[in-house]
Amino acid sequence: MVPVMYYVILSAILFIIGALGVLIRRNAIVVFMSIELMLNAANLAFVAFARQYAATSGQLFVFFVMTVAAAEVAVGLALIVAIFKTKASINVDQINTLKG
Amino acid sequence: MTVQLILFFILAIVAVLTAVGMLVSKNAVYAALYLILNFAAVAVFYLLLNAPFLAVAQVTVYAGAIMVLFLFVIMLLGAEKLGQSQVQAWQRPLAIGLGLILAAEMVYILVSGAGGLVVASQGTTINPDFGSPANVGMELFTKYLLPFEVTSVLLLVAIVGAIVMTRVEKK
Amino acid sequence: MNFVIYPLTLTTFFPLLGVLIILFLKAEHKNAIRWVALLTSLVTFGISIAVLAQFDTANPDLQLVARAPWFQIANWTVHFYMAVDGLSILLVMLTTFLTPISILSTWTAVEDRVKEFMIFFLLLEVGMLGVFVAQDLFLFYVFWEFTLVPMYFLIGIWGGQRRMYAAIKFFLYTMAGSILMLLAILWLGIYQGTFTVPDLIAKGGIPDAVQMVLFIAFAAAFAIKVPMWPLHSWLPDAHVEAPTAGSVILAGVLLKMGTYGFLRFNLPLFPEAAVKAAPWMALLATIGIIYGAAVSYAQKDVKKLVAYSSVSHLGFVMLGLFALNPQGIAGGILQMVNHGLSTGALFLIVGMIYERRHTRDMNAFGGLWKIMPIYGVLTLIVTLSSMGLPGLNGFVGEFTILLGAFGSEHISPWFAGISAAGVIMAAVYMLYMFQKLFLGPVDKEENQALKDLNWREIVTLIPLLVFIFWIGLYPKPFFTLMAPSVDKLVTIIQAAAAGLP
Amino acid sequence: MSLSDLVLNLKVILPIAVLVLWACALLIIDLFIPAQRKGLTALLAALGLAVVLGLAVAQAGRQESAFNDMVVVDGFSTFLNVLFAASGLAGIALAYDYLKRTGMERGEYYTLLMFSISGMMLMAQATDLIVMFLALELLSIPLYVLSGFARPRADSEEAALKYFLLGSFSGAFVVFGIALVFGATGSTALATVLEVARNGAANLTLLVIGAGLVVVGLGFKVAAVPFHMWTPDVYQGAPSAVTAFMSVGAKAGGFAALLRIFMVAVPSTSAHLWLVFEILAILTMLLGNLVAIAQTNIKRMLAYSSIAHAGYILMALVTYGLPTTAPIGVAAALFYLVAYAVTSFGAWAVVIALEKAEGKGLELDDYAGLGRKYPLLALAMAVFMLSFTGVPPTLGFMGKFYLFGAAIHGGFVGLALFGVVTSLISAYFYLRVIVIMYMREGDPEVSADPWLKFTAIAAAVLTVLLSLAAGPLFNLAARATLFLN
Amino acid sequence: MLLSEATNAGGNFSLVPLVVFFPLIGLLLNIIFGGRLGEKAIGWLASLASGLAFGVAVLLGISLIGSHGAGVTVPFLDWITIGSLHLQWAFRVDTLSVTMMLVVGGVGTLIHIYAIGYMHEDVRHNGDPGRYRRFFVFFNLFIAAMMVLVSADNYLMLFVGWEGVGLCSYLLIGFWYDKGKDGIGNAIAGKKAFITNRIGDFGFLVASFLMFKFFQPLAEGGVFSFDFDSVAAIAPKVASPVILAITLFMLLGVAGKSAQLPLFVWLPDAMAGPTPVSALIHAATMVTAGVYLVARSFAIYSLVPAAQNWVAIVGGVTALFAATIAVAQFDIKKVLAYSTISQLGFMVAAVGMGAFVAGMFHLVTHAFFKALLFLSAGSVIQGMEHGHHAVEHDPLLRRKMKQNERLGSTHHFDPQDMRNMGGLRHRMKTTYWVYLAGALALAGIVPWAGFWSKDEILAEALHLNPAVYWLLTIAAFFTAFYMGRQVIMVFFGEPRSEPAAQAHENPPIMTVPLVILALLSTFGGFLNLPFIHTFTHWIEYTIHPAAEAAEAGAEAAAHAGPWYMWGGLNLIVAGLSTLLALIAIALAWMIYTRRVEALKSLPAARRPDDPLRSMLGPVFTGMEHKWWVDELYEFLIIKPYVAISRFLAEVIDWKFWHDFFHDTIIAGGYRGLAWIFANPIDLGVIDGIANGLAEGVRGLAAQARRIQTGFVRNYALSVFVGVVLIISYLVFQLR
């Protein structure tokens, strides 16, 4: 039996890697994927805790998060496509006309 | 060391490595593929954690549908690679430093502060039905009826939003 | 609830009726607007006389009380609580008295945006009256802050060259002080359980250390408003840039709000702290007196000179208040009125010449007495009043203040002694001003053809002069009005002082 | 769950249900409304919102939960629901002519707006972290889209992308935080979390860290420093009508969640987290007000101003662990939200009135001479600026009075001091607007839109009158904290 | 007690408020109706007002005789009542105040009448006839204020009159405010008078504060009213250092008003006023107020010998000091001005020593003869102006005058310069004779008034304070000398200028008052003849206790003293002073007739304008320049004050408080902070630094532009930093 905390630690590490992806990557799509990784990491923690407490609610939360992720992806990718049409770039570093 | 533990470590290494791979790969397509691998590894964890329904959903919805969509958009936009630029170069080391600090803190606090959980988990017996699609579905449509309905609205909104964002205006 | 027709509420809010009427007048009908404003303020003055008639001079407590719970926040009840006593009745009268005079003074001076001007002016009157009659700290604060707004516009829109700078500075400085007071008010309301002043005084029992902090928080608001040295830096700007009527009201009433605040709140609410702080306040007051007088003398701009003289004069008021004895406090109150009359009149006078010559540089004048004899004589009387010539109002105030300060148990007689030298210095800068403007030969071409005062201008000044003489020769009615309340206040302070080690 | 049960449960979320259904219906109806007459959609949406407002008001005094304790109706939720519905109406009023003028009039605008409102209302009613998270997303996703509604204007798209990426990013923190809270207590239901924590059965470490991460995510929504950086860019880039709505709705939604989670579920973390809130509040007030001074674009200035106001409301959260002060804090925060909403909508109405189709007219200098040319509009704007500053007699002052009072009641005098000092700082840039309007000469142009003017003037009148007769509003806000008992 | 009740007190005492009200009514009538009245009517109306006041004073005097000198207090109105302070408008009628009222009313009325004629000319000469009315309004105001001063029952009411007369002095000195040096000289002189007086008043005020602080607790019922009686009653119970302080501060007031050292400097400048003003205010009445004050306060001065000594020394030194300056003046009025200062010194010394009666006596006689001298000087000046006028309108004479070596231009002719006069005794006979009477009175020649009063002072001084006696005696010698010099220079010899040769006598409206005053100056001394002592007894009704102490010796000596005491007159003192006076006059005669003749042989360029100049050298220069006191004050007080106030105003207040502190520290700090937050911190100070490190040195401006990021990743970093900080804090907390 693997201690639950191992999963949680793993999920924390994955979460942080995801966050780093947001901070480091310049490709809007990759940034977005990193966010997905973060959500995924959180999900892992949820499932682990659900197992710990034998509570289905944890698993259901994961289910909802997946749905939300899907919704976000729909909107997000549409947005990226739209931006690409206007700016011909999805480099977040080039999207900085608003500032100050 | 049990088999489960060995399996865990192997998979954990895979998960971390694929995540790092996503982080560092120059090509967005590679990044997406790494991520799919990562999701797959996580799906196996779900199985280990008595969540078969979620494991399936993870593979189909996440690794399948969502990531395919990503790949599709990457290809569509031809945005596999971005040109090199030095803009914000300073942010990378800073972010990594901060990330390492945070990771250290999390590990420390989870190991030391949340230790009680580890012990408690040992003896827990699990209903064999736990996490099965039937069980999850039952919960979903009774106790979690409202959130479930909300997700439907959410998806509707997402659809409308996606259309609004991409529809070509007829002038 | 017959609040609307209650004397004090009616006095306070009556100008709003004028505001309403003016709102429905066309901006082009300037004279109609002026008349409405003037009549409104005159009626307000009339109502305030009715208030005075109902005022019982023998009663030391708050009178003509209009009190009702206003609203409740958490379990802190805020009251709509208006009342007057001997400490405030004169200031109420001063406000209603100066407002019509100021409005009259703008008759030809303000041609631009008359409608807005009059609206702001009447709103200002509401705010000022509210400050003097509010007996609930919250209500008081609302009026206190509210006065900033119309004054801000008066300076900012109808002011001189650097009006924006002056307006913002005025607003920020005064607000800087009052926000600390807001915290102190909250503290009192929350920990003492009431916002009404009489209840707070009755409750008492604030620990010494806290009392000092609260004292300072209140003092910050009032000291800036007064303004006490060294917080006076906004005053010359505000005065110089403000239009004449604004200056009159600013000097005549708004500054009094600060000294009144000390009187109404700092002294009775925190008597122990007041006793302890008295030497420091007296020190600042004394520095203000001497400093203001010295700085006035070096000014070239008449209005600035008068502005700095206010620093000096209000130093006297503060010195009197913190003498913490009947002579000092009564003198202080009277000196508030005196300063309102004299300095108000001086600003009117400066405004009159500015309207004719569009400069306030003293070097541009000289020998005006010959050209404008009536103007000269009226100015002379006001000048003398301002420098405290016995027989005129200024002397009565300054003398009683100094007498009180010299005899005070709480502050050193040195303060009074040094401040008395301020009387000499007042003569120096006032006579200098008079000399620069009115004496000597008429050596400037532009001054040759100046017209003497017209009837309207004389009418604006005469009421002030009447009071200048009246208070100087027979101030008894004024002292009678305030005496019981002052005695009561002194009793409170004495009791507190007796409890101190 | 039987049908009658369902009906009973639905009654609790009736306003939301009606709103969502009406929005779905409108999606379809909109298809049949010709492009030139999208105003009709607006009117229909407004109608729906008005009905929802009525329903929300009708819920007053009710106190019951539904859907297995997923949602609740109580004073708190009713108060906020009314606020959200009213904000929606104001948002439509502001958008009505603006969309036409700027050529982005499409029916989806209104349906998205309504969906977003439904998310906010759900947020106010949610008593389970799952629902809360979903509500957060339901609130946010339409706003992401609306921010980019001026597509293909680059500003607007950029705003949308920034908002979206950062929103999702911070959303992930919320999810992870909830996961930790779940890990600490084994439940996502607020009541259970509270109970477990109270019994000492919860893992405090996980609970505190989880709560801390939730603060991050929601702090982003309410634009607390240092999670605020999206605000100016998004406020500037998004269509002004959206910004106006967002500045009120998103913030109120975020605070609804923060208040409910921290007051109801995890007061046990206050020993660890109150300082975090205090520092966030201080930083937010300070930075928001300071940076606003340096702005020349009115939208950016209002953005920083909205950051600052979030700081003031955060003051209420600092008190969340004190049983006697917390209700006062909640009431004060709710009151302040109303004050802020009224003032903010008014100010944005003026901004929109001056904005030109090509995005010009947003610099502060464009306001020169407004006082002379459009006295009523300028007067209204002056009232809003004074209310933002906190000068009586305005709602803004009442709100600050209440908030500072709560802080002092809780013993946070230093925090209150920061509050007043930053208010003073804020006076500087708010007054500058007045200075420019009244004391400089200029020739501004205003689009004569009755709805805008109505909104502005009504807001101004409300700002002043409500402050003078604030008693009922204070009572409502105070009663809205009943859930804490 | 009101007026009606006071009437029952008996006699005419209740009329006393009228001494104030008559002049006030007069001035009000002139203000209101003066515009429609002719000059004559205005003048006579004012004179009538003053005359009526005098009439009331006479009635009061008669009543006092009737009541055997018992004074009364006539309350009129409450003034200031606060707690333990109770001030009244109340009038005091006793022999001391009535004496002053008589002097003020009598001399005042005469000068009013004189001024009717004098001002008629003066306003025309100065080219503004419109000011005629104003003059009489001010004059009546002065009488009213002076009456308030002398009839006051308490120190504060006295102070009202005290400052009131100061105001009138200011107004009348600056009456020709557009004339004088640079057109503003007169106005400045007025201001100088007022401010110098204010310095004195400061002393008065502090004295009154001290009085209140220490007398009030001892007062009956704890209520102190500053009235003379209660002050006198309480004073012995108060610690003597306090009394000393009070008296010394009061002395400062006295020095200011009565032009004593060190505050005398304003009086010579005050001569800028029209001559009747100098006569009435700056010789006869106002300046004696200080003497009156000390006499009034005899009860407290008597308690502290140290203070008395100080007062006496101040008086004595001033008397001598001013007398020396008077010797070297050329302006006819300046001589008289310094003479006035000197004579005031006599009086102050007298009252200081405790010889209150002698001081008051000299005050009265001095009022007569000094008013006379000033008025006759005015007559001389106007005569000279007539002469000048005649010269201006006669081309022949004008040419003649042009040739006059010392007067380059006729426009700068000074009708007051004695060097332009001479020989006037033939052209202005009346003036000459009355002037002579005045001069003899002042010089102290038997039997003119000055002899009796001055001699009484000297006799008392010998007895009470020998040092002061010698000071005064020498001063008396100088007095006789400069009067001799003046009379000779003005009236004797040959006319030294064309106008002097053309001068002529003034109309009777001016000369009649002169004659009356001359008679008073001649016979005024008989008020207090040896053996009879009418005046002494009169005053002693009021200054009884002090008189007992101070004059007991003199009285005793009068009856049982050595051979040289003759009915209260010290024959040795009288003889010595008379002898000295005669010697001085003789000396003056020698120098200014003989010596002048002798000097005529010198060429005009090298001929000194005054023979003394060559005889005394630098001493004369010193005297001529008033021992440079004005310059000293300018250097020590005025310049520093102006510099300090400039410094405070321009540097401290404006540059520091206003600009630096407000604009730089507060506003600038505020803006700077805002900028830092807005730009580097909010948008990446880190960016700027890191870029700088990574990319080397680049222009700061470029950096500033570049750090306006707008990068979404920076924003995310900000969020992340927040997360790390919060988690770190929590980890630290939970540890």
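Just so it is clear, A, B, C, D and E label the chains in written order, and each chain counts residues from 1 on its own.
By our rule, a contact is a pair of C-beta atoms (placed from the backbone, for glycine too) under 8 Å apart; a residue touches a chain by one contact, two chains touch by 3 or more.
Since the model is a prediction, treat every value here as computed from it, not as a measurement.
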- Query: Quick one: which chains contact subunit C and subunit D both?
  - Reply: E
- Note on the structure: subunit A and subunit B share contacts with D, E
- Query: How many hops, at fewest, get you from subunit A to subunit D via touching chains?
  - Reply: 1
- If you average all the Cα positions, which chain's own average lands nearest? C
- Computed distance of Cα centres, subunit C from subunit A, in Å: 65
- subunit C to subunit E, mean C-alpha position gap in Å, rounds to 36
- Message: Can you work out the whole-Å distance between the CA centroids of subunit A and subunit E?
- Response: 95
- Starting from the mean Cα coordinates of subunit B and subunit D, work out the distance between those two points in Å. 31
- Message: Which positions in subunit E are in touch with at least two other chains?
- Response: 678, 710-714, 716-717, 720-721, 723, 727, 730-731, 734
- Task: Can you tell me which residues of subunit D touch two or more of the remaining chains?
- Result: 130, 134, 137, 141, 144-145, 148, 151, 160-162, 165, 169, 183, 204-205, 209, 233, 295, 428
- Item | Touching pairs among all chains present in the structure | A-B, A-D, A-E, B-D, B-E, C-D, C-E, D-E
- subunit B contacts subunit D in the complex at 106, 109-110, 113-114, 116-117, 142-147, 150-151, 153-154, 156-158, 160-161, 163-165
- Message: Under the stated contact criterion, what part of subunit D meets subunit E in this complex?
- Response: 161-162, 165-166, 169-170, 173, 204-205, 208-209, 212-213, 215-216, 219-220, 226-227, 229-230, 233, 272-273, 275-276, 286-287, 290-291, 293-295, 425, 428
- subunit D - residues contacting subunit A, complex: 129-130, 133-134, 137, 141, 144-145, 148, 151-152, 154-155, 157-162, 164-165, 168-169, 171-172, 175-176, 178-180, 182-183, 186-188, 232-234, 236-237, 295, 297, 300
- Task: Report the residues of subunit B in contact with subunit E in the complex, numbered from low to high.
- Result: 86-91, 94-95, 98, 101-102, 105-106, 108-109, 112-113
- Query: Which subunit E residues qualify as touching subunit C in the complex?
  - Reply: 77-85, 89, 128, 130, 156, 159-160, 162-164, 167, 170, 174, 177-178, 183-184, 187-188, 191, 194-195, 198-199, 201-202, 205-206, 208-210, 212-213, 216, 641-642, 644-646, 648-650, 652-653, 657-658, 661-662
